[in-house]
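Labels run A, B, C, D and E following the written order; every chain starts at residue 1.
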Amino acid sequence: MDFSYTILIPLIPLALFVILGIFSKKIPASISGWMGSLGLGVTFVLSYYTAYQYYLNGKVNGIYQTFVYKINWMNFTDKLHIDMGVLIDPISVMMLVVVSTISFMVHLYSRGYMKGDDGYTRFFAYLALFSFSMFGLVLATNLFQIYIFWELVGVSSFLLIGYYYTKPSAVSAAKKAFIVTRFADFGFLVGILIIGYYTGTWDFQELNAVDHETGSLVLNWASTSFMGLSVITWALILVFMGGAGKSAMLPFHIWLPDAMEGPTPVSALIHAATMVVAGVYLVARLFPMYYFVEDGFALQIVAYVGAISSLFAAIIALTQHDIKRVLAFSTMSQIGYMILALGVSKYEGHEGLGFMASMFHLFTHAMFKALLFLGAGSVIHAIHSNYLQDMGGLRKYMPITHITFLIAALSISGVPFFAGFFSKDEILAAAYENNMLIYISSVFVAGLTAFYMFRLYFGIFWGKEKKYEHTPHESPMSMTIPMIFLAFMSIAGGYIHFSKYVTADHMPFEAHLNYYLAAIASTVGIIGIILAYVFYKKENNLSERFSHAFGVFYKWTYNKFYFDEIYLFVTKKIIFGLVATPAAWFDKNVVDASMIGIGNVTESFSEKIKGMQSGKFQDYAMGFISGGVVIAIVVFYLWIN
Amino acid sequence: MIEGISIYEILTLSSILFFIGVYGFFTRENLITVLMSIELILNASAVNFVVINTYLYPDFLQGSVFSIFIIAMAAAETALAIAIIINLYKLVASVEVKDTQKLKY
Amino acid sequence: MNLESLLLMRYELGLLAVILLLIVFEIFLPKKQKGSLITIGIVLFAIHTLVGFLPLNDGSIFGGMFKTNAILHFFKSTLNIGVLILLLQSADWLKEKVVQQNKSTEFFILLFSSLLGMYYMISSGDFLMFYIGLELATLPVTALVAYETFKIDSAEAGVKFILSSALASGTALLGVSFLYATTGTIYFDAMAEVLTISNLSVLGFIFFFSGLAFKISLVPFHFWTADVYEGAPISVASFLSVISKGAAVMILMILLFTVMKPLMPVWTKIIYMVTIATMFIGNLFALRQKNMKRFLAYSSIAQAGFILLGFLSNDQLGYTTIIYFVAVYIFSNLGAFGVVQAISTATGKENMDEYEGLYRTNPKLSLVMMLALFSLAGIPPLAGFFGKFFLYAAAASQGYYILVFIAVVNATISLYYYLLVIRAMFLRKNPDAIPFFKSPIFMRLGLILTVLGILIAGLYSPLYEYIFSISNSFLN
Amino acid sequence: MDILSLFVIVPIITVIALGFAKGLKQSRIVALAGMLVQLGMSINLIFAYLKERAVNDDIMIFVKDITWYEQFNIHYNIGVDAISVVMIVLTAVIVVAGIFISWMVDDLPKEFFISLIVLSTGVFGFFISLDLFTMFVFYEIAVIPMYLLIGIWGSGPRENSAMKLTLMLMGASAVLSVGIFGIYFNSNAGIDGGALTFNILEIAKANIPVAIQNLFFPFVFIGFAVLGALFPFHTWSPSGHASAPTAVSMLHAGVLMKLGGYGVFRVAMYLLPLGALNWSDFFLILASIGVVYGALGAIMQKDLKYINAYASVSHLGLVLFALLMYNKTAWNGAIIQSLSHGLLTAMFFALIGMVYGRTHTRNVSELGGLMKILPFIGAVYVITGLAYLGLPGFSGFIAEMNIFVGSFQHSDTFHRILTILAVSSIVVTAVYILRMVGKIMMGPLSNPEYANLPKATWFEKVGLIMLLIPVVIIGVLPFGLSEMIKDSIEPFLERLL
Amino acid sequence: METILFYILAALIVIFAIATVSTRKILRAVIYLLFVLIAISGIYFLVDYSFLGAIQLTVYGGGVIVLIIFSVLLVHHIELELEVTPLKKKLIAGLISAVGLGITLWAIFTFPFTNATTYKSIEVDDIGRKLLSYGEGGYILPFEVISVLLLAVMVGAIVIAKGKKLNE
């Protein structure tokens, strides 16, 4: 069967971007909004059609086939080359669905949200650019293509975070996001180089080809080892470094909270649903390698990074006041879930539960997290503030927002029968089967998640009303419709049998709910909700008391464990202070000075010897005769011996 | 050919004469006396030519003729030099070496 | 001995004729028309120059005392052209300053007799003629140096020059006498056969060499140069730095490669030392100069150092390159001196910082100056570059890479001070810059000739080819 | 008249024509006309080249050989391979763009354009010549006008910068000349009865003794690499660029500095392969120091032009780095890098010039929020910045990836470490580029007076777009270019590996 | 006999030469110089080159010395004390001259001169023929050229001497 038409999916946004970008001055706002939404609508339809086609009849004797359409884009060596093309397999199709859905919804939403903003067209151009890059990323056929679009995604996120470029905070956030991820990509690139050198290919099919008899990779490489680990393991770790950068895992997470400076739809699209899960996608993409190379040593690291990040983020999220930041940390924590799920997963059949769970959670999370952001967006739209303190009792003013937000919150907290419940349960199951420690922390995180989500929920929609300069009102249709759709998805999403579609080895298997684990998880979640209810449903000083009780710990949490400060110290003090400044000094006072010095020495020397020309011709005569005599002496000396 | 006197003595004499002239050229503070030292120098060479000719290569008179020209040249040089010195005297009313140090460095 | 053999001395006789004609004019021209004497002198000399281009066959007369051959020809003609340009450039200086002192004819006579002396010097066949030629080339110039009798500088320079040169020629004489003592002859050909390396001959050579080095102003025999150039009238300074230096280089080359050939192992060492010293001293002193004449004096010392590089390669390329470079150098230096002359005559200004902003007022002069200086610095595509490059090649061909390296370092230093002048003229903006003035026709002609030389001599290789084809002729 | 000599003749004619032009209007028209012809010819040259190359597999094609000084066996000998062709095109593009950018030069316009075109003549001649002597001549012709261009039309401490630049570059060329003699006088080694020659292709046939090669490689290499801003000989570049007028900075950083890399490749490494191999490690270390060091230096600078100058040190360090890596891919990358850096840095200098011309300051801390006022310039500035830090879709990415992948093909740790060091520069690059862009284009308007700065004029736009187009073309469709270059690299490969 | 005579002359030459360059009375210096020149002419007579001796006497004694004396009288009053040269300078000059002399003598004495066996005195008419013949060993060319030189020098001397101030 033929999926070549999927090439259109990235190309349509690209065309949009070019048109909108070049004529951004000419095209009036209304048109550009429509153009963007329309274009993404088409991709939306295409993606769903692809998914339908693929999952329905993409199987050959029970295994999902991989379809690749590519052209050779550039040759490095006779072996190494970059192809550009599309690769259709379960996870890429699933990602297509996610991305197109969210992107389409956000486009629709933005038409309302961004109304009246100058640079409206520019905004849609950026969105189009992002969608293009993201589609290219998920459809990438090889490691280098993924890197290319990886960078493009990064830059479009830079542009979108810095959309309000007159706001210094926005600019610095954009720079931070770009530079941090860039630093991570440095690792990614080196990893790519190593893989390229040792395996001689970047093509995913070749890299991931698994020999089912021996249960190992077909691929073989000169197994040189470096510091006790095989180079490929190093490469995979470095590649994951890139993934961690994009997915805001520890220690590269610092950019994500600041990224909330961007317009809220952007946060929803990029920093909640799609771009940030690129890291997860990358690991999933290379899962066979991660799993088989040195018995998944790299995978272990992935698992722990995920677990720690999720816990860490959840704790921080408890204390933040900026609702978008809370959501950002929750995103980070949820992505940690996915990562750890991958980390604890295995390859074959039902063993690969974690993989499936991770993808499943990626899907559902995209839906409800996007929804949460859009909701937060509409709230902010209404009262022009991000801060929890300024909110309260909004439920009567904006019912739709309220309901949809509630659904999303329930879903993320893992309350039964909502999407999040199912996916999270699978993750926990996977963790339970493989790694007790991680399992426990994940359960704890589940509780925390429920708590802070409902802290938000109650804080925004209940509690006592604040003074609003003008009475808040429900957002326009253009914004609410997407929210409603996403709300629907974040319930219905859970009932998709993912294990039938998306698995590590492309072979469907039967995954069924592990009621005993599910019970634990959901109870923990509900406990969290109840606590939140107690603390924040009504005005009371419980929370203050609590925070006082935890004094230092609270302070640390509130300051995000001082990660920003550490980074600041490293960059400002060490890189700038201890490296760059001395370098500049050295350049000025040593290198350049020496060059100038040569000149000055010559000058001063010529000043010194000017006495030779004393103006007295008798001295000249002495010079003359003694010169002759000296020459004579030297010559006789030279020439007698 | 002076018997009892080999060429070495005479060449020694002329060399001494030459370097006395050089010494004078170095040390005299008065342009005219410097001029005289030059006369010594030229004479030294003249003596050389004559003596070498007569002692070593009497067959041709190259040296002797040469010395004649040297003397003529010396005279011409002196004349011109004195003209120039006098011109300087007209301008600065002095023929001291120390008054010819305006151009330097 | 018959007439056509006498015609071998065509240059000399022609110049003598010019001199005598001038004396006649001087005597019979009425007082008020003395001004036209300048034109007459120049025209006569131009004719002489043209006549010089007529073919002439080699030969030697007066018992080998006077030789002539193709390369000497070429060189005499080159000197003629140089002198002609120089006369053109100094024409209006003569008009301005000299005529009213009623000294113009004498100027020509002295200049020409000095040139005559150089003719005899370079085509001399024995040391006597060489010595007389040398003196004839020097003494009139001493008079010319002191020519501006109302200027103290001029008089001082004259004194310094005549006394120093007397000492130099005395030393050279002593050296010749020693050479004569060791070989028993003063004829070049004869001496070349019997000369051998011995203490006395080497000492004689050194004394003799120092006498000649004095004229080429090689370190440490150069001290007179700057003072004399500064004191002398510009025309005379440029005559010293271009014509007489060129002639001295020529005869030095002839002597070293013919008569002194047996001493080659010795004199290569000497040349080596002297080259390094000359380049460094010349450049280091030139760095600080503010007076243009003095500046050019030191620059010409440095240039002499470069010329010596050519002596290190004992083959036809070496000879060719030396002569070629001398020719090129004549054009370049005359260009520089010409501009200085023009400005000095028009405004009396001779200092570098008085040149500031010159380009904006007198662009053409500045351009000529720039070309000349770039040519001296060896910037392509000007002639000087080719000359320098070939000189380096000559030295490198014998494996003197260290010397070449030193030379290129010095070339860079020299570029620095040449750029100082460019800076003053082009980069600086100066409200009270030298105002625009229109140079007279002679001056413009002279400058145009130099510019043509600078531009063509390098890019147009046949010149070099021609010199190469004849450059061996002085050996026999 | 053969197709290549025109590249020297047309500029000369233009210069002569300029001699008769009067005032700004005439001069710029004349200059533009001449250089447009040049540009047309160079575009045409690509196709002519491809056509000829299909049927002709000599190393050099369109060869024309005229004896000049036969005693020294000096010829006016020209010919091109793909590398020269792309360099010529680059030059033509940048020169035309430069003329557009300096459309409004007020002081001595005629002389300005004359010097500019004389400089470009030297560059064109350098790229087409196959004879060391001719090459050297054009090299110096290209360098010396910088003195006037910076000195007369420059800003700030123009006189000193001009002097420093000129002396360092001419000193380098002096060193180079020693190396050239070293090559010349051994150019017939191993060929019985062979004559000494300056002809590169001839010399390549000789096998010069390795001792000689070791002796003279440093001379030739340094002689060229100083122009390529090799650490520690780069200090002429920041001050020189800072003082130079816009078009000159463009031309100098864009084209002239490429002579360094080109010369290293075509002369030093091609003619002295063994010496190159023996010295490569040493110079490789210098080059990689330059890569990182330049980037670090750029972080700390306040003056926009200084930032860009140090960035150039870093990026050209990458070129030398790649050349010394002895790897086809890396070389390919080096050449593309030369192109891309040429175009990008030219754009940067053009933009800086525009900003400076309007705000009269280049100090980063005084500028800010210009995007709102100057949307076009701001947008192009951001694009250039992103391209400069190696964003896919632009030429910089292609170049860097080729270099990195190629360099990483070495199996020994030494080259690996250096490669990773070089890769790390992309992070630092991102830092200073974003810092600059973020500060001057984004953020609040730093100075209320900037509120009504004039928008970009048509000729500024044309100049920028001319430069941007090839950047994007190379970035999106690299295959054609790299294929074209690759088969010209083959001979070097055979010789060196 | 001649030997003694030579030594006497040599002694005179050296002594008076030293006196010439060291006396502080300029007129005396001239006279000492005259003695030196005469002594040198004595040497010429000793080697039977009386013609040159005569020339020496006439040209120097008659011409040059007189010229010098005139100029001295022109620019000084008699009995003028020359100022003393600083000792340091004297020492340096002496050193240089001594070293030079040393090298010269060393070079001379290391050279094996072979005295000619044949000996003939130099006759005046012989000189005259040579001076006027143009064949091999003839010196007419120098003779002619030096006349030009004398002319030039004369002109030069006159020009310099007559030079009147520009403003007159």
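As a convention for this text, a contact is a pair of C-beta atoms (placed from the backbone, for glycine too) under 8 Å apart; a residue touches a chain by one contact, two chains touch by 3 or more.
Since we're looking at a predicted model, the values are computed, not measured.
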* To do: Determine the set of chains touching chain C that also touch chain E.
  => A, B
* To do: Indicate, using Cα centroids, the chain positioned nearest the centre of all protein chains shown.
  => D
* Between A-D and A-B, flag the pair that has more C-beta pairs in contact. => A-D
* Where the centre means the average of the CA atoms, what chain is farthest from chain C? -> A
* To do: Would you identify the chain whose Cα-based centre sits farthest away from the centre of chain B?
  => A
* Structure fact -> When centres are defined as mean Cα positions, the distance from chain B to chain E in whole Å is 5
* Asked: Using the average of all C-alpha atoms in each chain as its centre, how far is it in Å between chain D and chain E?
  -> 70
* Whole-Å separation of chain centres (CA-atom averages), chain C against chain D -> 43
* **Distance from chain C to chain A - Cα centre to Cα centre, in angstrom** => 78
* Residues of chain A whose C-beta touches two or more other chains -> 599, 610, 613, 615, 617, 621-622, 625-626, 628, 632, 636
* Which chain D residues reach two or more other chains? -> 167
* **Multi-chain contact sites of chain E, meaning residues that touch two or more partners** => 92-93, 96-97, 100, 103-104, 108, 113, 137, 139, 142, 146, 149, 153, 156-158, 160, 163
* To do: Could you run through all the chain pairs that touch each other?
  => A-B, A-C, A-D, A-E, B-C, B-E, C-D, C-E
* **Residue ranges of chain C in contact with chain E within the complex** => 1, 16, 61-66, 97, 100-101, 103, 106, 109-110, 113-114, 116-117, 120, 128-129, 132-133, 135-136, 139-140, 142-144, 146-147, 149-150, 158, 178, 181-182, 198-200, 202-203
* **Contacting residues of chain A [partner chain E, same complex]** => 622, 625-626, 628-629, 632-633, 636
* Of all residues in chain C, which touch chain B in the complex? -> 127-128, 131-132, 135, 139, 142-143, 146, 149-153, 155-160, 162-163, 166-167, 169-171, 173-174, 176-178, 180-181, 184-187, 226-227, 230-231, 288
* Please give the residue numbers of chain A that touch chain D in the complex, ascending. => 25, 72-77, 80, 144, 148-149, 151-152, 155, 158, 162, 165-166, 168, 171-172, 174-175, 178-179, 182-183, 186, 189-190, 193-194, 196-197, 575-576, 579-581, 583-584, 587, 591-592, 594-596, 599
* To do: Show which residues of chain B lie in contact with chain C when the two form their complex.
  => 11, 18, 21-22, 25, 31, 34-35, 38, 41-42, 44-45, 48-49, 52, 56-57, 60, 62-63, 65-66, 69-70, 73, 76-77, 80-81, 83-85, 87-88, 90-92, 99-100, 102-105
